[in-house]
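Presented sequentially are two complexes of chain A, the first with chain B as partner and the second with chain C.
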Partner chain A sequence: MYRSLTLDPEKCTGCLQCEMACSWEYEGHFNPAHSRIKIFAFHQEGRFVPYTCTQCADAWCKNACPVEAIQINAETGAKEVVENLCVGCKVCTIACPFGTVNYDHARGKVMKCDLCGGDPACARACPTGAITFVDGDWPGYEKMRQWAERTDNLASAQ
Partner chain B sequence: MGWQKKVLRVDLTAGTCTAEPLNMEWADRYLGQRGLATKYFVEEVDPRVDPLSPENKLIFATGPLTGTPASTGARYSVITKGALTGAIACSNSGGYFGAELKFAGWDMIIFEGRAEQPVYLLVIDDEARLLPAGELWGKGTWETEKALHERHQEPQLRISSIGRAGENLVRYACVVNDLHRAAGRSGVGAVMGSKNLKAIAVHGTKGTQVADPERFFQVVGEKKRILAENAVTGQGLPTYGTQVLMNIINELGALPTRNARDVQFESADKVSGEAMHEPRGSEGKPNLVRNQACFGCTIACGRIARIDKQHYTVINKPEYWGASGGLEYENAWSMGPDCGVDDLDAMTYANFICNEHGIDPISFGATLAAAMELYEIGAITDEQTGGLPLRFGSAEALTTMVEAVANGEGFGKDLGLGSKLLCEKYGHPDLSMSVKGQEFPAYDPRGIQGMGLTYATSNRGACHLRSYTVSSEVLGIPEKTDPHTTEGKPALVKAFQDVTAAVDSSGLCLFSTFAWSLEDIQPQIDAACEGDWSLDKLMEMGERIWNLERRFNLAAGIDGSQDRLPKRLVSEPAPTGPAKGMVNRLDEMLPEYYSLRGWTPEGVPTPETLERLEL
Partner chain C sequence: MKHVIVGAGPAGVLAAETIRSLDKHADIVLVGGEPEPAYSRMAIPYLLAGQIAEEGTWLRHAPDHFDRLGIARRAARVTALRPTDRSVTLDGGTEISYDRLLIASGSVPVDPPVPGLDLPGVHHCWTLADARGIMELARPGARVVLMGAGFIGCIIMEALVARKVRLTVVEAEDRMVPRMMDQTAGGLIKRWCVEQGIEVRTSTRISSVQKSGEGLHLECEPGPSLQADLVVVATGVRPATDFLADSGIGLGKGILVDAHQRSTIEGVFAAGDVCEGVDWDGGHGIHAIQPVAVETGRVAAHNMVGREVAYGGAMDMNVLDTLGLIASSYGRWQGVPDGDTAALLDESAYRYVKLQFQGDRLIGAITLGLTDHIGALRGLIESRRSLGEWKSRLLADPARFMEAWLATLGK
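What follows is the complex of A and B.
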């Protein structure tokens, strides 16, 4: 069973613990500028929205790569950048409709979320449950449960 | 590690930016932020300088835990000689700016001199330069942020700036970062304005590291769980923010009301944290939109609020319809009960203006409250106010005057002096509710005795954030003491002052101490920093910092004779509530406090004390 990251903007407080955890996982220091997950603040609406790669089944980035440097991890389903194949052409960054593939200038390679090999650091670091790592076939399970909880059994019985 | 070991020195007169290594010998004795920057400051600045002269310096300093995953590791402080007080000033802020400065590779920035024309500092990693800020001058902090993001096409810039109040040298102007976090008190924004420094914009891609990552992650994770499971930091603060206190302090009869003539506000429930959750009649939505965290904070006490579009303050101003930083307890108190105002949306509007134009809402509200009393006794008339009745309870007076202060117009100029100079000017110095020129915040020391000693002895003028004995006297943290007794309070105040000085030097937020003791914080510092950071060392360091600040003040001419409370608090008994009939008994506490500090009866550190603390 694959698992997937589920992002819930309602619960995000904008603390950026996820960005620190992500950069630590990849870079060995705390550095939001090198995080694969980003939190966007929409100040006027008082909203914070976590955003990262959704690991498309038919992945634009993978399809676009001319050197097959983006490959599927059979265990996690993540689309991973194989760094020794990546030539830094950045075609995948154009192909991704969501902008979640980006570029590390220092290394000359693209960077994207690879689910940390199956145990995403961002989800572990999130203090509010805004980022969770759930059954990949049931990304809507928690939302369904919340709506189910609101169902008024007494009213419907009348 | 923890530190970036690099200081940026900006000579505004010469227009130069120079990197220098952090003095690690001092870092080992003063840790960072408040302690370390104060050490730099007292070594470099003559205590007798005019705060608004080029000879004053202005330091933006982070701590070793700023920009790390330690919860609440967002903080930076602005250290200078305060424009409001003439005393050592150290104002602490959260948001994202402090962490970004660390990510760019710097522990602190020292500004000296004065720019000939308005400038801002742009820092992108190692590269720092001063750029002309001509067209930003006159703009608020919100517009300044927007303009700098657009100009540099860099959405990830974090910005700290002054608004019109700082430019106009309002004595209690603050520095605002990330739209609505502020280094609020003592007029650090006026010092920035006097230097013609409009803003600092930073983006960093270097990141931070800690000395012992494995131990750091283990201890930081464990301590985060304590915050999550604690009733105050896990539930009270995220839900109600610091505004959770409004009803509690009112019931205790310790809510200074109408310039502290009263100690209880009949409409406290209308301006409380609970009220911010209540749907408003006109549009069915509450004042509070949501809570927000500062960088790395797992408490998330910040208030994001929205003013009712139909409210008189914004009905023709759609630019204020969006969500922004809402009322915290101190602001809600100063612009609410202290002015007798109970209109939550008017207070929220005044708060927005304070954020937009860089005004400390505590000093503004308390100064307006003093003006209202002056008006009611006839010392100020319509002639001064331009025909606006400055009556207690008038929301219109509040929202008109906050704009007048920001713009430096009319009576706003007088209000911009702060309550001390205002009340002196109009012949009633006793009506200023201040110590060392700084207005005291939202706890009446007649009902919470320890806060009297806290205000009187605070090195930056009256302040709750130097020894928050409310924790013990009201909330029972770490243990409950009787708010009405003076017994044991000198030791309590001293202990809180020393611990707070240590926490303020680490990069962590003081609010973490609702759940964490120094025993919880010490291992986080120890794992992040090189060297041995024991509990004893931190406690001694806190005491050293306190004495260092005190010594600066003494040299600046602020001696023990200024460790006094406003006459009202020590001579006019609380008229209602549980503390009815009581005054603050500062005289019972002060001599014992001096003695515990190892100071002379005049409040001067003895040579033995200075030697013990290696000062």
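What follows is the complex of A and C.
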């Protein structure tokens, strides 16, 4: 069974350590703009929501890719961008209904979470346990729904 | 069970792979009308730009990919479908029988009624063979006229610029990408191109192409004539159904299919550019785009092996990079009569977001100069979720669509 990232908005304080760690892991510098995980701030409610690819079973990005540049890592189950095959057409960025594949203008390639090969830097960096890497293999949408429901309950409780 | 698939583009390949994943023992024959390995038309602009070699356009890279999956490949054109015999005829006369047939023959380019488009030096940009013809003539300094500034025209513009040609773009309609962008966005894309030094003539028709010395002479209406070493015709495509004329299959603009991708003939399915199927919002239509090709290919495959799966419906979605200016459009971006519209425009920054609503649902969108998380627009539209209080927030600031998506995800 694959392990997956779980994101718990209730525990997120918006410190952005995950974005820094992600950017450092991939780019070798600290720039949240290059992070594959994003924290969305809902200032009115004082709420922070971590969000990244759930490595969903549907793999819209992988199916839409015209040149096989998104492949599944057999060890982690992550859908990974193969940079030397990616032509930068961006079709995956519009096909993923979760909005978790982004285009990197500087490189001319797309970028998405690949679970850092099995030891996600964001989960390691998170000081509050809002991002954890745990056993479990839920289909992506359900998984997103589940944690989203938690966000939602929290929002309506406030 | 023997499955025959006509067409080795993304729809056909995804269907063949999906059938294999669902049925280990099925016979699968994938017939493609072009000599190359299964490839992706979408990758052609990057070939033209010199960014990849021909192999870079291949849909699958492992040399034994189809062998390993037990998918038999045949390079031949299908010339007829004979439903009473449950067979198709290949161009050499060979008959192939099927239990289930998928037609995924894609589109063919459409020419406007302009004399001279059959001359040497005039090319479509639809196949690898076309791409080779273009690359031979699109040398540095060559005079190139791009006829049609639609989606495909705009996408190959960057490649032509990368080849250092002298480019003129001629579009009959009043703006660029008229079927994907509104007046505002189409106008901004034109201004962007002109700023990059490209001559763009909208509301202009090429009325004839003639040989003239080493090159070609183009009459235009209105305005001065043009000289060219290469003319690239990108004036639209239509479903490739010519070989089906005598088959009795139900045809509209394309092969008519239901939500299970079934045609009007028992045992015959269609997917991809060639089919006219159900839309996400209840309508019917053809969508010559990659995401719909792969999704309908997969849905067809499920139903071909006997697993009833209904397609949620096709939606227009495009992302277009015109010389670095990135635009996207989704769904009913034109809006609907009883709907609401929200737009945010910064002309000098080339930034634009426009959202279309019906009731408290998002039904369409256009973006320009913005790429982060745009997929969520698809999620918001296709899931038909009620926006609730987020509708008024989006009306005030349409750029907040990602927050709206997150906030309504559980609903």
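Here is the rule we use: the second predicted complex is superposed on the first by the 136 of 158 C-alpha atoms of A that agree within 3 Å, B and C clash if a C-alpha of one lies under 4 Å from a C-alpha of the other, contacts with A are read in each partner's own complex, and residues count from 1 in each chain.
By definition in this document, contacts are C-beta pairs under 8 Å (C-beta built on N, C-alpha and C of every residue); 3 or more make two chains touch, one makes a residue touch a chain.
What you see is a predicted model, and the numbers here were worked out from it, not measured in a lab.
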| item | value |
| --- | --- |
| Touched partner set for A:Gly117, first chain B, second chain C, both or neither | neither |
| Which superposed partner A:Val91 touches (first chain B, second chain C, both, neither) | second |
| Contacts of A:Gly129 with chain B and chain C, given as first, second, both or neither | neither |
| Touching partner for A:Met20 - first (chain B), second (chain C), both, neither | first |
| Touched partner set for A:Phe48, first chain B, second chain C, both or neither | first |
| First, second, both or neither for A:Gly99, with chain B first and chain C second | second |
| Touched chain A residues, chain B compared with chain C | C |
| First, second, both or neither for A:Asn31, with chain B first and chain C second | first |
| Set of chain A residues, in rising order, touched by both chain B and chain C | none |
| Contact set on chain B toward chain A in their complex | 67-69, 71, 96, 99, 103, 156, 179, 203-209, 224, 228, 238, 289-298, 300, 304, 306, 322-324 |
| Of chain A, residues touching chain C in the complex | 38, 40, 42, 49, 51, 60, 63-64, 66-68, 85, 87-91, 93-103, 105, 144-145, 148-153, 155 |
| Complex contacts: residues of chain C adjacent to chain A | 10, 14, 40-43, 46, 51-52, 56-61, 290-291, 294-295, 298, 317-319, 321, 324, 326, 328, 330, 371-379, 382-383, 402-403, 405-407, 409-411 |
| List of chain A residues in touch with chain B within their complex | 13-17, 20-21, 23-24, 27-34, 43-48, 125, 127-128 |
